[in-house]
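Structure provided below as structure tokens; questions to follow.
Labels run A, B, C and D following the written order; every chain starts at residue 1.
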Amino acid sequence: MKFTKKPEPGIKLRKKTMETFSCDNPVNDKFKVPSKVSWNKKTGRTIVEVRGVEIGGPEVVIIAGPCAIESKEQLFETARSVKAGGARILRGGAFKPRSSPYNFQGMGEEGLKLLHDISVETGMPVVTEVMDTRQMDLVASYADMIQIGSRNMQNYPLLREAGMLRKPVLLKRGMMATIEEFLLAAEYILSQGNEQVILCERGIRTFETSTRNTLDLSAVPMLKHLTHLPVIIDPSHGTGLRWMVPSMAKAAVAVGTDGLIVEVHYKPEEALCDGHQSLDIEEFNKMMADLEKIASAVNRKISLT
Amino acid sequence: MKFTKKPEPGIKLRKKTMETFSCDNPVNDKFKVPSKVSWNKKTGRTIVEVRGVEIGGPEVVIIAGPCAIESKEQLFETARSVKAGGARILRGGAFKPRSSPYNFQGMGEEGLKLLHDISVETGMPVVTEVMDTRQMDLVASYADMIQIGSRNMQNYPLLREAGMLRKPVLLKRGMMATIEEFLLAAEYILSQGNEQVILCERGIRTFETSTRNTLDLSAVPMLKHLTHLPVIIDPSHGTGLRWMVPSMAKAAVAVGTDGLIVEVHYKPEEALCDGHQSLDIEEFNKMMADLEKIASAVNRKISLT
Amino acid sequence: MKFTKKPEPGIKLRKKTMETFSCDNPVNDKFKVPSKVSWNKKTGRTIVEVRGVEIGGPEVVIIAGPCAIESKEQLFETARSVKAGGARILRGGAFKPRSSPYNFQGMGEEGLKLLHDISVETGMPVVTEVMDTRQMDLVASYADMIQIGSRNMQNYPLLREAGMLRKPVLLKRGMMATIEEFLLAAEYILSQGNEQVILCERGIRTFETSTRNTLDLSAVPMLKHLTHLPVIIDPSHGTGLRWMVPSMAKAAVAVGTDGLIVEVHYKPEEALCDGHQSLDIEEFNKMMADLEKIASAVNRKISLT
Amino acid sequence: MKFTKKPEPGIKLRKKTMETFSCDNPVNDKFKVPSKVSWNKKTGRTIVEVRGVEIGGPEVVIIAGPCAIESKEQLFETARSVKAGGARILRGGAFKPRSSPYNFQGMGEEGLKLLHDISVETGMPVVTEVMDTRQMDLVASYADMIQIGSRNMQNYPLLREAGMLRKPVLLKRGMMATIEEFLLAAEYILSQGNEQVILCERGIRTFETSTRNTLDLSAVPMLKHLTHLPVIIDPSHGTGLRWMVPSMAKAAVAVGTDGLIVEVHYKPEEALCDGHQSLDIEEFNKMMADLEKIASAVNRKISLT
């Protein structure tokens, strides 16, 4: 794993007004897309490279791993298994945003070190969340891709810091953010000079309570229509229901997602966080076999090894 | 076309309490599923037959046609084209629920007659909406399947009337209805003795405004998990955007829908209603070719002729 | 009680396009208000008279009574008490829209007769809900004001029938209806020639679950800004919590409501429907005393006898 | 102005489980209130003192001032006017969270210095927003009360930092936050030892678009029912409409708010931020006169000088 230093913090904010969106397939006449994230015939689509893994190209990239890093055994066992099942990038939270101050808050730097070690062993790049501007350098020194979570989608100082990195950023849509606000949040990052941004739809909050969130799959064609950035789906938070994850993952691949980020745990029933929405290894492997067929039907590819 | 008389209006309401849902994959411990719509290992899934076309079996059934019946030419041209493209059932509104009293309200009985004529010519069964208990007999005398629209999902007298029919009923989820309320609305129909009900997810209302509604594809696995009834998707109202319909249709097939109901117009730009979300014939044909591949990848079938 | 016959069913739909709203205090530049409900400097505000009780004038009119009519004793005891406490109009449901087919559905015509009898005894005009076009004449023959409930706000045939009455109509906002849709629903009634419409905000559906609905009190100034029709508030459905009703009623009077519709039951703990949100007589009396002070502070009046 | 040093950063997180809420007026049986914010008969209500001004006592405290500090003249003129009109605390943003990176982001520390100067001149305590953990000490050294904005309601590192201050914290409800999540966010602050927290409802996001947000006034009785903390209302963000602010402010006082935070600008039409929802001085004075009457009707007080 390469330890990238955070470069050029002094990049100036380029003052550019937003452009009214205009294309052959209008959304509505009020809709505006900020200039740097806006799709553009000339420049085409962006492919984000995460230490050798390309997101936004022909492959549907599977990111998998536990919600939170809980122990060496849990992380390592899960990581080896998802790699064997076809995952290309490992996920795992060291700093966890939890609704209650009394819930497990993550292992912190110790978790980051474990993430580094298993990354070296398996060769998989890793993505992990950062919540605090003061932790940006620390997290960036261990991670191949920085995740900004839903609750921080409009944490502007954090977005600016991410914009000053020269590392890919996985930006999750806020649970009640419009597409327009999501694009503006991404624009905060791009406006600082970092164009390596991946947009992630992870379910929005609606009146419906049978699922944890309502996974808005229309966000995939919409975002790909409006921007040049890759778009991925999180079916784990999007549904909150372990048994529903594979179904929605299949739909996501069919609708054109560039990747999936999926919670997998070697023993979901023992998970400290979100076990009810984590697949076990067997379920993950079965899902991957199904996804391969769908990917093929839409002229994309998923490699099972 | 068979003109079924409405039978046995005197069926008594069977007083049965709701059952708490209990299965291997719980939704949540508060969730209750009413008894007649509830899925049950012993009795299995319901297949609804609409004049020879089975919904809920191995085939993904495509229902297509114009939003509103506007003229003989418009209906007939569109019907012939969608049949040639693989649609199995024809849709077309004669009585249209419109937000404004000043918008086109449909052709009424004249439209129903046109629907009957083209049904005879093409051999396709037809589905059309009923909005008023007083029109139930009239509409049922022309249609092979009765549609109850979103705005009437909790119009209980209408649901009871539909329950006393011996014809299939296509029940659309209210744009504000929870899954639980949707099941209770279906239960109103089944409680009157009519078990031929198809559930249709057509987009729910959320804070997001770039799409007309938010198409909740998780409703497919959820409803199939909770009930024995077939479930279909309406990607036209679900997105409100013509160019997005095929993408979401693909996702719907991947997620396991039993059918699709799609707005198609031979000249969308001239449509009196919802032209912005209607496919033209070429777009419909292209979509069907794509859907066939996805269906095959999930072990379902769509026949293109 | 006067038994009004339904007059002139043949009124033609006047084709008028909507007017873009333009005034000194714009809402937003896209917003349109349909022509007949639109506020207009020249014609001023509408006062709706319900058998001698004026809604939309200086008085804040209190409508009170049980959710559902359950028995003669329950209705009569409650009616006498709310009259003694200052209520001007009696409410009580004979036909109840219930989410489940297995819940109590109301006493039907027998309930209407009880309503008539207590109306004669107390001299209070009565309002009750109609759900089915086929029951319009029946209900209108007993009621002084017809209520169209939330679930039927977009039941267009029912709105048209109400528009052909020559009786006041209490139209409740759909639980997920925008202000724009609410106005269009009212326009359906006015477009048939009946201008005696009262708009009622009763809580909208949001993500929040601690209250049954979210009572949108901003609807009062908004609706009074856009239309000439009286606006009232239903704090019982708006909160779903008995102990919270008086607080929200006070806020409603302060914000300028023309009236309140409140559920009161002589024995809430025995109610067949919505007992958890019904005030008992003592709570009602205490609330009325508080409301009188607020009304006075905003230059309106509430008479406690 | 007192420059408080941030004390005792090493306070340990006390592990306490949440308590199921139980009282005479239950919300629902699933609802849990975290232990430190929970209302308790023994300890009663908390009064928060902001440099001599008590919030949570008999007075309804008015906090007023510009959305953003734009210039010395703008801030000073506005501050003097709102003080003359009865405001007790001055608001003004130096660091502004803006949806777009291309909008005015605030004057930063220069704005804080202006705030300090006018605070000294007028004797009014000041409240201003902090967005970044790295700015907490800086902002706390100028402000009498720290504001945590809607977008940061679940920014847990920021909440923890605020919890380590020994200064009052004004915590705004997230536009997508349930009451339960709002209480958990407050618990993050209290769990660090800072009990001087004021809860502020400022409108939630719903499907309705005629107002900027839907001001949930039921949050006042609900929060006062569940917690011991003072609750205030922001009618400016809650409506987004200048002409509607006074109406909703009146409702807020009637429903029992402990205070209001209102945007006032000496020249709203020239405001760099949120001018459409800012009152001018004349409107502010007129509103205050109206509020005094309502406060009196609910046995609270507002002093106009």
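Operating definition for what follows: a contact is a pair of C-beta atoms (placed from the backbone, for glycine too) under 8 Å apart; a residue touches a chain by one contact, two chains touch by 3 or more.
None of these values were measured; they are calculated from a predicted model.
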Expressed in steps between touching chains, what is the minimal separation of subunit A and subunit D?
1
Which chains lie in contact with each of subunit B and subunit C?
A, D
Counting in whole Å, what is the centre-to-centre distance of subunit A and subunit B, each centre being its mean C-alpha position?
35
Counting only Cα atoms for the centres, state how far subunit A is from subunit C in Å.
48
Mind pulling the subunit C residues that touch 2 or more other chains?
176, 205-207, 209
Subunit C residues touching subunit D - in the complex, by the definition given at the top:
25, 27-28, 31, 176, 178-180, 204, 206-211, 214-218, 220-222, 225, 238-239, 241-244, 247-248, 250-256, 290, 293-294, 296-298
Per the contact definition, I'd like the list of subunit D residues that touch subunit B in the complex.
30, 205-207, 209
Spell out the residues on subunit A that touch subunit D in their complex, using ranges where they run on.
13, 15-18, 34, 97-102, 131-135, 151-152, 154-157, 174-176, 181, 184, 187-188, 191, 205
